[in-house]
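Per-chain residue numbering starts at 1, and chain names A, B and C are given in the order in which the chains are listed.
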Amino acid sequence: MKIITKEIRLSTQGNPDLINITGKISDILAASKLKQGNLLVFVVGSTAAITTFEYEPDMIRDMKDLYEKIVPSDKSYAHDETWGDANGFSHLRAALQGQSLTIPFEKGQLCLGTWQQVVLAEFDNRPRDRRIIVHMLGE
Amino acid sequence: MKIITKEIRLSTQGNPDLINITGKISDILAASKLKQGNLLVFVVGSTAAITTFEYEPDMIRDMKDLYEKIVPSDKSYAHDETWGDANGFSHLRAALQGQSLTIPFEKGQLCLGTWQQVVLAEFDNRPRDRRIIVHMLGE
Amino acid sequence: MKIITKEIRLSTQGNPDLINITGKISDILAASKLKQGNLLVFVVGSTAAITTFEYEPDMIRDMKDLYEKIVPSDKSYAHDETWGDANGFSHLRAALQGQSLTIPFEKGQLCLGTWQQVVLAEFDNRPRDRRIIVHMLGE
């Protein structure tokens, strides 16, 4: 069994920016030559998250509306008052959505549904350079 | 160390259908003969999720009420307008709840609490045939 | 490759109690001598959860406000009426937030951001003795 750790670096727009990273992850898995195992996707930082959904423009809009409904961006949070960086909502959304996702793979393919894409959710209120760890265990 | 990948197939009712899959998962773990490691539960698709809760009728009702409150099923979403399949709410609930759960096991037993069951949350608005991957790494 | 399973035991206050467990987890990883792999944090029970956020007093307050908004503690839930233990809200918050988190590590260090702490969220309405499994796979 092997452990392989790679990373994806990308620049995001903020508030929020929902980016399909399925292709990059699949390429990393293909390059690893691993056939069976699991792949962990983990975003470093406290204002971004990882999720999966059907990546199409209307669903992207619906997801943004949902995050806005649960944690409005125009409300003031205690974190903002103290730190003056106005991204309290970004932290809250990230904590709720979560930073890690583990996907099994078989025959060298991620076990994702046809309409199930892996999405980086950038919740920060400004562009960021993100580091996403792609960690595989398998053979 | 071994990697073992199995799957659970089951037919669900929709909107939502919360199904206790703890027994099936425990059976798969027992059959594997693995004693120490971790077990990944992953549901394929973008309108279902995996969670854990105390699986009893009142909690099931409370969970359904919670999902309905956070993402109402009688509201129209952008995804619905474009695709005409009226399951925008299903996608949103699934993306928020998440498709993967990893549970450690010791002495051949999942480290779950007595009142902690693994639940497949079918959020789609119609019956579905679901494929749940149960992926074990251990010895 | 090695599998190492340890646990953290701690006493919590309830409703809610958000506890930074990053230091304890890092100590367990350091003692394992593992350099590359992944670390699973799993809380046993159905009224607590694991998340990550920037652990500072204002964010703690914001997180508590968010949980209160999504699942109010002063509302009566079906679970409460039947069981009389009044912690229906605790179960619901835990199910939504999730009990497991997997973090990759490299060079013996968890791949966490500077402002990203691992937090045990005790949602129960009374003090509890908690068992958190820290399960490492690596070399």
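Here is the rule we go by: contacts are C-beta pairs under 8 Å (C-beta built on N, C-alpha and C of every residue); 3 or more make two chains touch, one makes a residue touch a chain.
Since this is a predicted model, take the numbers as computed values, not measurements.
Student: What's the rotation, in steps of 5°, that superposes chain A's Cα atoms on chain B?
Tutor: So the copies are related by a turn of 120 degrees.
Student: Please tell me whether the contact surfaces of chain B and chain C are same or different in residue numbering, using the over-half criterion.
Tutor: Homomeric contact, different residues on each side for the most part.
Student: Where the centres are mean C-alpha positions, what is the separation of chain B from chain C, in Å?
Tutor: A distance of 20 Å separates the two centres.
Student: Would you mind listing the residues of chain B that make contact with two or more other chains?
Tutor: Only 1, 70, 96, 98, 102, 137 qualify.
Student: What part of chain A is in contact with chain B in the complex they form?
Tutor: By the definition above, chain A touches chain B via 1, 36-38, 51-54, 56, 58-59, 61-63, 65-66, 70, 96-98, 101-104, 106, 111-113, 115-116, 137-139.
Student: Which positions of chain B touch chain A when the two form their complex?
Tutor: Those residues of chain B that touch chain A are 1, 3, 5, 40, 42, 44-46, 70-71, 77-79, 81-83, 88, 91-92, 94-96, 98-100, 102, 133, 135, 137.
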